[in-house]
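Everything below concerns the one structure shown next.
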Amino acid sequence: MSGTEAFIIFFNVLLINNFVLAKFLGLCPFFGVSKRTGDALSMGAAVVFVMFMASLVTAFINWFFLLGHPGNLFYRAMGGDPAAYDMTFLYTIVYILVIAVLVQLVEMALMKLSPPIYRALGIYLPLITTNCAILGVALLNNDFAVEASGFWVYLAKCLIQGLGAGIGFTIAMLLMSGIRERLEYIPVPKPFRGIPISFIVAGIMALAFMGFASMI
Amino acid sequence: MAQLIVSNSPHLRTEEDIRSIMWTVVMMLIPAGLMGAVVFGWYAAFVTALSVVTAAATEYVCQKVRRIPVTLGDGSAVLAGLLFAYVMPPNMPWYVAVIGASAAILIGKQIFGGLGCNIWNPALVGRAVVGAAYASATFLSKWPIIRNAAASSAGGGWFSDRLAAIKSSFANLAANINVDAVTQASPLYAVKTAAREGFTAHGVEINGNLISNLPPGTTVSDIVHKCDISYMNLFTGHQVGCIGETSAGLLLLGGIILIFLKIVDWRIPFVYILTVAALSWVLPLGECGWFAGDPLFSVLSGGLMIGAFFMATDMVTSPLTPKGKVIFALGCGILTVIIRYYGGYPEGVCYSILLMNTAVPLIDRFCRPKKFGEVKA
Amino acid sequence: MSVFQTLKKGVFENNPVLVLLIGLCPTLATTTSVKNALGMGLATLFVLTMSNVVISMFSRFFPKKIRIPCFIVVIASFVTIVKMIMDAYAPPEINDALGIFIPLIVVNCIILGRAEAFASKNGVLASLFDGLGSGLGFMLALVVLAFFRELLGAGAIFDIPIHTSLKPITMFILAPGAFVALGSILGFVAWRRLRREERECAEAAGKYRAELIITSKNKPE
Amino acid sequence: METVVVGVVILGLLGLLFGFGLAMAGKVFAVDVDPRVEKLLDVLPGANCGACGNPGCSGFAEGLVEGRCDLNDCPVCSPEARKAAAEILGVEVGETERRIAVVHCRRETVPPRFEYHGVKDCAAAQIVYGGFTTCRYGCLGLGTCVEACPFGAMYMGEDGLPHIIEDKCTGCGNCVRACPRGVISLAPVSRDVHVLCNSKHPGKYTRDCCTHGCIGCKRCEKTCKHGAITVTDFLATIDYDKCVNCGECVEVCPTGAIGDVSLLRDRKPARERYAATAAQEG
Amino acid sequence: MARTFKGGVHPHDYKELSKDRPIEDAPAPDVVFVSLRQHIGAPSKPVVKPGDEVKKGQLIAEPGGFVSAACHSPVSGKVKSIKPRPHMMGTPVDAIEIENDGREEWAEECNVPADWEKLSVDELKKKIAAAGIVGLGGATFPTHVKLSPPPDKKIDAAILNGVECEPYLTADHRLMLEQPDRVLEGFRIIQRILGGVKGYIGIEANKPDAYMLMKEKAMKYPDIEVVMLPVKYPQGAEKQLIKAILDREVPSGGLPMDVGCVVQNVGTAAAVYDACARNVPLIERIMTVTGDGVERPANYRIRIGQMLTPILERSGLKEGVRKLIFGGPMMGLAQAGPDIPLAKGNSGVVAMMEAPLFEPRMCIRCSRCVDHCPMGLEPSVLSLLSEARRYLEMAEHDVLDCIECGVCTYICPARRPIVQQIKIGKQKVLEARKKK
């Protein structure tokens, strides 16, 4: 894999196909935790970490256990037709389990190591589990397996995509939080105060991000 | 003695108010618009007027619906409508002008609460809405030809050029009726395409010139010349482009007057244009290598002048502090060049300013002014 | 609470999208056309109802500490079933359009939310109707949003073109339009609510009149 | 067959692995959290009004658990909620009567001292030359209290005075703190007789500037059989612990500064009710 | 490099109305009302009672605390009453009413020349405290307190504030022109009290005649430097003046003495001279009456406590005046009427024929206020926060550093009442601090 390719994967999920603004992934925390820049940043950091870890772990599981190809460990152990070991229908259930466990770990670690952040994120930390951005990145990573020449290339692509998507999510969150902080002391028409105006803001942000369209 | 008035200090106010600021900016924009009408024909003037009227009407309706005082007199709606028209192609259909201008006011401004509340420049929001709404429509990619551009530049002096242009503007009115038939590439698009494909054997045809088999080491300036683009025409406005952004010279003049009147901060246009010039020289465009760009062409072409002097400097949507303004302008410049060089659109001013508008609250947050008596840590 | 009330509550008062603001990702992603919206709505309705039923049956066996993973496993199983059914029988264009959002039903906050807040604490039948109510509410929101987006963005309803002299505004099919459209609908909902509250306040305030204060100068007849 | 076996093995292995991992993590990152905090949060009103002096309901809940706060600090709690919270905490709570806000001003025409130009906010008007009304104690009528009410329980009447919607008022006291002139106070909801004036000006001045001002004539103080009224600084105040709603003072007040608001609250006049109970008791 | 500070504005100064009018004596009052709250700090405590006969310059109220000042009778006559009287702040304050018998008899030991050079520093300080001198620039901070810095603060410079940056006002200008020796001698006393420190006299460039005169007079004192400063409001604010002249920044929340500096107004210096060299307490001062609302703008020598009305009549108050301001138009207090006794801090009265009602608009973020704020704050943000009633967040934006100079409000094209909004914020922040 060349550096350009890596850059393209990264830049694609970072800005061009931003998870939040172009792919509609991770909207719940995007609207829920973007009221304060500080919270948005810590939430973003948590998401980056979990996404990266999820990409790492799911890449391993996918390559060695689920895919029906010569790399499958069961096939190596037992032989026969590699396609017979194709367990890809288990994607959803396995991935979500992995993510749930990961989030649980992060939650416990945060509670111990940084109670203020834990309190700031409040109910949204468990919601990382149900943050579709994370399952989404794991599922989208599957596409790399088809074209990848070997495990390490596949893994690298997954990690880059996970990192890029996480940072892209954080960027969108930060921009959103800045705008929402300002909107709080602006006399927005009453019916639009709060969430509705945030949607409009997200819409115009998506519009602005279209400037990156077909860049690569 | 009649009852006296008591208010909190201060009891003196400066003369300048929102109204004077907005109308001055409108005045400074008018010459460039007149130039657009002259170059593109009366239809351009018509859609500009239509945009302005629609913007004002939308503002009026919104404020009536919200039962708040109508503030059409301050000129901000007129300004938004005018700027919106200026960054649209001269051959946009009338309904696009209506939809775009009303979107500019509605979701660009009034939905946030009106003047001062918006996060993005309303005119650019209108432009981006149209860009997304009619992405595949022809009027955004094909431009009406300026009939005498090549012909008149050959003979006579500058004055006769302009005279011919004015004469031809009447003819352009007719040209607008069937605009898809005769089209011309905008300078930015021409140069970008030529730089990308001109090095191949089959080449690319730009405005009737086949550009192919360019030798390695060709600079952007060479391509500009090959495309028959004259810097003088870019400066005076005799170029293909949007209604109000053609005449770099008139916009520069208006902008400088605004800076002189202290209505806009000099930092934003200065840093913005400088960044674009520097980066467009450094970064490789198409097959042209590093340090082969053409700063002068980049600065004069497209919407950079109107963007730098009239859009990015919009008070409501630019940062508060000088430091923030510099960062903002720097970001605009970088994004503009990146989108122009590597993006899907030939022009990046609109999106780069919108993107940086998005970041303004964050910039403001991290660029607080230096407080008097603050202990330097 | 009667069956009807449970349903009504899920659809209107506690509409997952328009009132509770959860399940937003599929709402925005799959409402480019009414058809897709219906497909997504039905799939979610199925998973929501079934998982509600199963969880309400087995919730007392789940240890409290790991109940969430347990719920997720149940939900994920149903999602896998739906995915398989869709792959086999759904029209391919709908299946393609919904893409990864079918497996992502598993992380739809509505489902986990109902499981945690309702199914784990209530009986099977109540949970069934609760799931139906919320699912229908979700579907309703999807269809309403899809209606506007398809009408404005593609000039069509159910892929049947509506003839207009103006060109459709494709923005509403794209991401920005999705946000703006949902934002406007939410604004409309909020406006309705505010107007109702205002009316209530005005009614309450109507009673208060200065002459109702009894003083030596102002005695009631 | 292999598919089933492998599937089961994968899920089983993962389950084991994760279970073990989580158990280990649970040990490493063990933190004691009082589960009562979350339970309390469910019970508390959740309005985050700040009346208890904490940043919000969660702060109050933590305060309760740590023993910093008292349940009675929250004026907004419904009695049921208070009881439920007390159960969670395992403490007893005394019964307190609900208190609601009362506006102690009913000026009809108080001439302005000057023409005020500035921020339309009472606190802001008060800092400009001490407020623009001739009466320096009465309501300025700019509605800062209405803005401060987090429950929508106040509105500006056509008379230019704020009014309280009794059913919505929770007695959080935000309006009391918002008023720069101290015109609003909290009073038990069952008391209907109030001094509807806040003027500490000498009687003559009050009489000149307001038709309904308390001029400090002390007739009410002399009339009250229950010793509930005291006049200090030309202003009568009612001690609500002693007041029995008999309405005698309303009768004798020459200016109408003491008023009975029963009718506003859909009750019979206090005097009639008092007479009825007195007759019942013989 | 020109000596100046960052920010500030250049409003038209209107000084041409009264700067060429020599100081004249105001009509002698029939009755004076000496307010007990003419300074920052605790109110004074009266030492006379109704019925007492007092002489001119006699002590009638003593300081009510450490930060407080004494009051003296400006006339000879009889004390009539001590009760609340209208006050320039809007709320009535206790004042001593004295009827003038017209005899102008000085109290004992008053108006007796003394050689201040022979007195010790402590004696000088005592004299200043006894004379009830407060900052006459308008801040009215008791001078003896300012001249007694705690021993751990090393003072190395004294600044005489002859800037008079407020538009309209010319009282200090006239004082410097007509009585330069009083001012200079007073300043030398101040220098001596502070330990013979270097002295600077700051004068704005719109008073070239005063600058030339002071420069000439100060030639013989090598430790006094007269500095010409470019015209800019609010140059006369202590912190800005120190920054302009010495290039030192008083730290946030600090006092001039934190950077080794003491600033005194020229009027104060003159009063110090009177107290130390003539044994005359502070019973009169120079005040400008100006504005388009009076026929004859003038500079008056007024008695402390005399009513404003006759003075305005003498200057020819026009019909239909809309605004009456105590102090300059940038920081002065508008009054509800002219029936107010004058106090030590009254440097001028501006009568305006026009006071348009400004309808505030939403902030358009033009950043004029941020660019011009002499304290480097973000007034527009503070104003928005105040409007949203989020007062406590204003503390994070350093609302307490605001000096209320009015630059932001003056310059605002949206006509927002920023200073007033900031004032509420300050009040609420301080209340919240106090509660803690």
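So that you can tell them apart, the chains are marked A, B, C, D and E in the order they are listed, and the count of residues begins at 1 in each.
Here, contacts are C-beta pairs under 8 Å (C-beta built on N, C-alpha and C of every residue); 3 or more make two chains touch, one makes a residue touch a chain.
All values reported here derive from a predicted model rather than from experimental measurement.
Engineer: Check every other chain and keep only those touching both subunit B and subunit D; list them.
Structural biologist: A, C, E
Engineer: If I rank A-C and C-D by number of C-beta contact pairs, which comes first?
Structural biologist: A-C
Engineer: What is the chain whose Cα centre is as far as it gets from that of subunit B?
Structural biologist: Of all the other chains, the one whose centre lies farthest from subunit B is D.
Engineer: Cα centroid separation between subunit A and subunit B, in whole Å?
Structural biologist: About 36 Å separates the centre of subunit A from that of subunit B.
Engineer: From the C-alpha centre of subunit A to that of subunit D, how far is it in Å?
Structural biologist: 46
Engineer: How many angstrom lie between the CA centroids of subunit B and subunit E, rounded to a whole number?
Structural biologist: 52
Engineer: Which whole number of Å gives the spacing of the CA centres of subunit D and subunit E?
Structural biologist: 43
Engineer: Could you say which residues in subunit B touch two or more other chains, in rising order?
Structural biologist: Touching at least two other chains: 3-8, 107, 111, 113, 116-117, 128-129, 132.
Engineer: Which residues of subunit E are in contact with two or more other chains?
Structural biologist: 333-337, 355, 358, 362, 417, 420, 423
Engineer: When you check subunit D against every other chain, which residues touch at least two of them?
Structural biologist: Those would be 22, 114, 117-119, 124, 127-129.
Engineer: Run through the chains and report each pair that touches.
Structural biologist: Touching chain pairs, listed by label, are A-B, A-C, A-D, A-E, B-C, B-D, B-E, C-D, D-E.
Engineer: Applying the document's contact rule, which stretches of subunit B touch subunit E when the two form their complex?
Structural biologist: Going through subunit B, the ones touching subunit E are 1-14, 16-18, 20-21, 71, 74, 113-117, 265, 315-322, 368-375.
Engineer: Applying the document's contact rule, which stretches of subunit D touch subunit A when the two form their complex?
Structural biologist: The contact residues of subunit D facing subunit A are 2-3, 6-7, 9-11, 14-15, 18, 21-22, 25-26, 28-31, 33.
Engineer: State the interface residues of subunit D toward subunit B in the complex, per the touch definition above.
Structural biologist: Per the touch definition, subunit D meets subunit B at residues 112, 114-119, 124, 127-129, 132.
Engineer: Write out the stretch or stretches of subunit E touching subunit B in their complex.
Structural biologist: 6, 9, 11, 167, 239, 243, 249-252, 254, 319-325, 329-338, 350, 352, 355, 358, 361-367, 370-371, 373-378, 380-381, 398, 401, 404, 406, 409-415, 417, 419-420, 423
Engineer: Hey, which residues of subunit E end up touching subunit A in the complex?
Structural biologist: Touch residues, subunit E against subunit A: 362, 384-385, 387-388, 390.
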